[in-house]
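Following this message is one structure expressed as structure tokens.
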């Protein structure tokens, strides 16, 4: 069952993660997130007064602008924009600041596979940095399915191209959720088991998909820990400054 | 990634229908000439209308004249788009667009701006704009297939859609065009005839009021010929008006029953 | 290419320090509050001024001075090659801005708060020095409209070709690639309000002697 | 049956239509608790679906698909291109999804709908990755000429579940597609072999003998469901989509494989049980849709 | 557009009803027409026409092009009109687009004839150099510098004057190239071909105010119109194109009556324009 990955990782191993917040001076919140060579910079501006037309004035709206590394924005980037926007909308508490817009600008620094999950993680960290009220954090991961049915996590660009299918998953990280206790479990299923976003490419069997989902869940808990650890020291230093 | 392939579309062409030159549609002095679809010179194509084609719209209509197929949706009266100044008259906003497969060659550019402004000019005289102050009525047309006389069909269909939306009208607007091919005047021309025409005349009118809301002429015409062509169009318009009226009545009685 | 003959004559027969023939007429647009045609040789521009009038877009209103706006456009037939450019390309936007800033500096805007002055400049023929011609035409049109100004702005371009400083370049000289400069001055106050030097051209100091 | 709550106090005096507009969510939830939807459907039933082939005479393959009042018109035009160096024996497919202003009050001319390019891309991905089309069948002369199938889908009436209707119309259009007969002329371009000339002797052999069909395998079918609390609503209308904001779209192909499972955000989290249920619903729906398409093809062939 | 007070409106309407318009003209009298030719030296032909406060410039540029495969024995002509913001502040930015397209379309309809080219004021077959391969493309550009009503008639007149001022270089075809190659061309700098503009129609716009129609309406008068008919008529008295403006409906008999009035007016206008053009040409040559 062993498949050698070019960088010597085992199938379940993620690339080294790194995250730094507050990297941009002018933005209200910003974060740079890297998974191996894939790196994305996210900036958050807002909440600003007013919403775009046709939006619900009783809710805050989230706007996402995707900046590719080079060139013009195409259909692929439009899709990323929409997935990112819907995902962020579902983790923000939109009723707190009605009739405002929060802009999230995502700049791709380098794409080496699992770009969308990386962008989602970066945006999530940037939203925390900007102090936007969130229901919970979200963690995104890419699972790759080889022809043999083997699931590999966090693929590089080369691996993404070789695989028959891959799945982007976004899962909540609810331990710090502000929601009341009883709503965090539905029919006995833990909240962090629930899926926020799923985007797939390529054909696979349903069982393979569920397998991916399972692996993804396991891996996100590790990533959640990383994200939380990364957010905590700054939070405490912020509060000490404020005090 | 899979999406990459579509990003840079290679240049393509539509295989042309053989290099041999097509004979001209109409030769001078050819007295036994028959129209490509076998109609008589003064015979219109059978007209088919149906209201309520689009549920999402306040009113809509579908029209089919031979190969010409159009859908028109009417939205509103609703809030004017831009922050426009107060007006005690309502506004009419028209837009005509074509599908990419409407013409024989994909995505052939047709002047949609001109059609839109012609549609506007043909309709505005028939709408009681004072009944919806401060608001806008949007009339959007989509030509599904272009088979000649597109604009007249769009205009007639649009007035039916307005009626379906319950917008107050003085009268329905019907439109008919004639093409001048050599010595002959042919009514309701198909695309092939239009591309060879020496001149054309289009009338949009309100049949019950017997008023012309819009008239365009191209090509060289004598007054007598204009007179003849106008009469031809006006007759056809009043017949078209009856067809449209009966379509509206049918729809109304059908909705009463249900 | 030789731009100055050994006899000291330029392509169009002028001396290096000679201007082209100037011609101007005011009151050419009936409906405008002020208007002028200005010709420098073959370069011909029309300027029309509307205002001072009520500010059209309330959000732009200034409470301590007048709002000055400018739009520069070129007729399709103004250049040698027929062109069909959409309005508001980069060059037009830049020139609009230059004219606006230059004229704003000489209009006594603080006398007309909460009002708007529109300057429209239309190039009919372009043969070098359109910027200068536009500014000159705009000055005349503003004067025709009776808008209070500190002074007239007059503008002219100059260039440096074949080791000779040349005044008032035409199109051929302008596109020769030598350094050039556009200057706008307030003659009575003896002040410079505009000085533009395209950055891609090297300039020697001697040049400023002109 | 009004339960006593803040709204219930008024609802007795309010007309149903007013209640529906003012408290849409409560209106729906009351229906859902009775396992029925306002349009009288059970929760997991899709709307009536109609497919008719050959709606556009000027195209090489076309179809009209209606799910409830959501209407899609798809047409394919075949053009010739030079195949890419990487795949000299393959043709290509381009998909464009249009939302003209006639289809919905939300779309205005000059400002294309935001979802249109995204849906175009998703349709393209689904059609190609499902393995329905063998691109080699679109080849004409290896390395020199191949077909480019331009698929344009127009939404004529938008009432929810746009992706499902668009995919259905696209699939139907491909099943109606007949590849034109062409031959190579002296200048190296392909020209149509017209019907009148068929009897005569041709200077060049046509590439195909007759108008060819594509052999379609593993056809993709999709179903969009709304997740709301513990309810699953199949095939939502526009009204349902605007009130309950969590959708999950499952695409399966006729060999039973998962082509896409798409969920982007939304306030409700999808648990494994819900995902499995959606997949099962799509399986059922696929059977219905296969029958509808087969029927459309057979009626066309009788005509 | 033009904000008139109630009194002013009545004054305009009353004057028209009594056949004495606010500037002293009768209903069917034109304002004085001034024609100036050769105003744009860079163009092949150009003219400026002024009628009262209306001031327009038309230029003709000729470029070598390829004839369309549908009509291999004809050159191509395109007409495009632009409205300068100098004429009115509303033309700023994209504000003139609507009017520009409307005028361009109306002029194309009036001057270019039917699809087959029949009835065109400009003889397109005179623009052909080598059949199927080389032809002249004429670009006619109109520019509205100042506007006081009746733009279409003024532009039509300016284009007619510009065309009669146009010289197209004589082209010598070096050698008859065979097959697909483009033949080599030698374009003369000295020899020019003059256009025959006697067939170019004039445009007469009749504006209906109340029950009467007037020619050459000013901006104030246009604001009171219910509808207007622009008819292009050539010297033979044939109608070469017609455009209706304004939404209000007209009785078909009124339309026919307006056409016959326009025809009558056009005879005088054609003569007057021709003499103005030849006078202007004479001035230019001096």
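Each chain carries a letter (A, B, C, D and E) given by its place in the written order, and its residues are counted from 1.
One rule holds for everything that comes next: a contact is a pair of C-beta atoms (placed from the backbone, for glycine too) under 8 Å apart; a residue touches a chain by one contact, two chains touch by 3 or more.
Source: prediction; values computed, not measured.
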Response to the item:
Between chain B and chain D, the fewest touch steps amount to 1
Worksheet item: Moving only between chains that touch, what is the shortest number of steps from chain D to chain E?
Response: 2
Discussion item. I'd like the most central chain, judged by C-alpha centroids against the all-protein C-alpha centroid.
Written reply: B
Discussion item. Centroid of chain B to centroid of chain E, CA atoms only: how many Å?
Written reply: 28
Item to complete: Calculate how many whole Å lie between the centre of chain A and the centre of chain C, each centre taken as the average of the chain's C-alpha atoms.
Response: 54
Item to complete: Round to the nearest whole Å and give the separation of the Cα centres of chain C and chain D.
Response: 58
Practice prompt. Averaging only over C-alpha atoms, locate the centres of chain A and chain E and give their separation in whole Å.
Written response: 62
Practice prompt. Scan chain A for residues touching two or more other chains and write them down.
Written response: 75-76, 79, 201-202
Fill in: Set of chain B residues in contact with two or more other chains
2-3, 6
Discussion item. Give the list of chain E residues in touch with chain C in this complex.
Written reply: 39-43, 46, 52-53, 55, 57, 59, 61, 63, 80, 82, 84-89, 92-94, 139, 141, 143, 145-148, 219
Fill in: Residues of chain B defined as touching chain E within the complex
111, 113-114, 117, 121, 123-126, 180, 194-200, 205-206, 209-223, 226-227, 230, 234
Worksheet item: How about chain D: which of its residues touch chain B in the complex?
Response: 56-59, 62, 69, 71, 73, 75, 77, 79-82, 84, 92, 94-96, 98, 100-105, 108-109, 121, 124-125, 128-129, 148, 150, 152, 154, 156-159, 180, 182, 185, 189-194, 197, 238
Fill in: Residues on chain B engaged by chain D in the complex (per definition of touch)
2-3, 5-6, 9-19, 53-58, 60, 67, 71-73, 75, 78, 81, 95, 97, 99-104, 106, 138, 140-142, 144-145
Fill in: chain A residues touching chain D - in the complex, by the definition given at the top
54, 75-76, 78-79, 82-83, 85-91, 165, 167, 170, 172, 186-187, 189, 191, 193-206, 208-210, 213
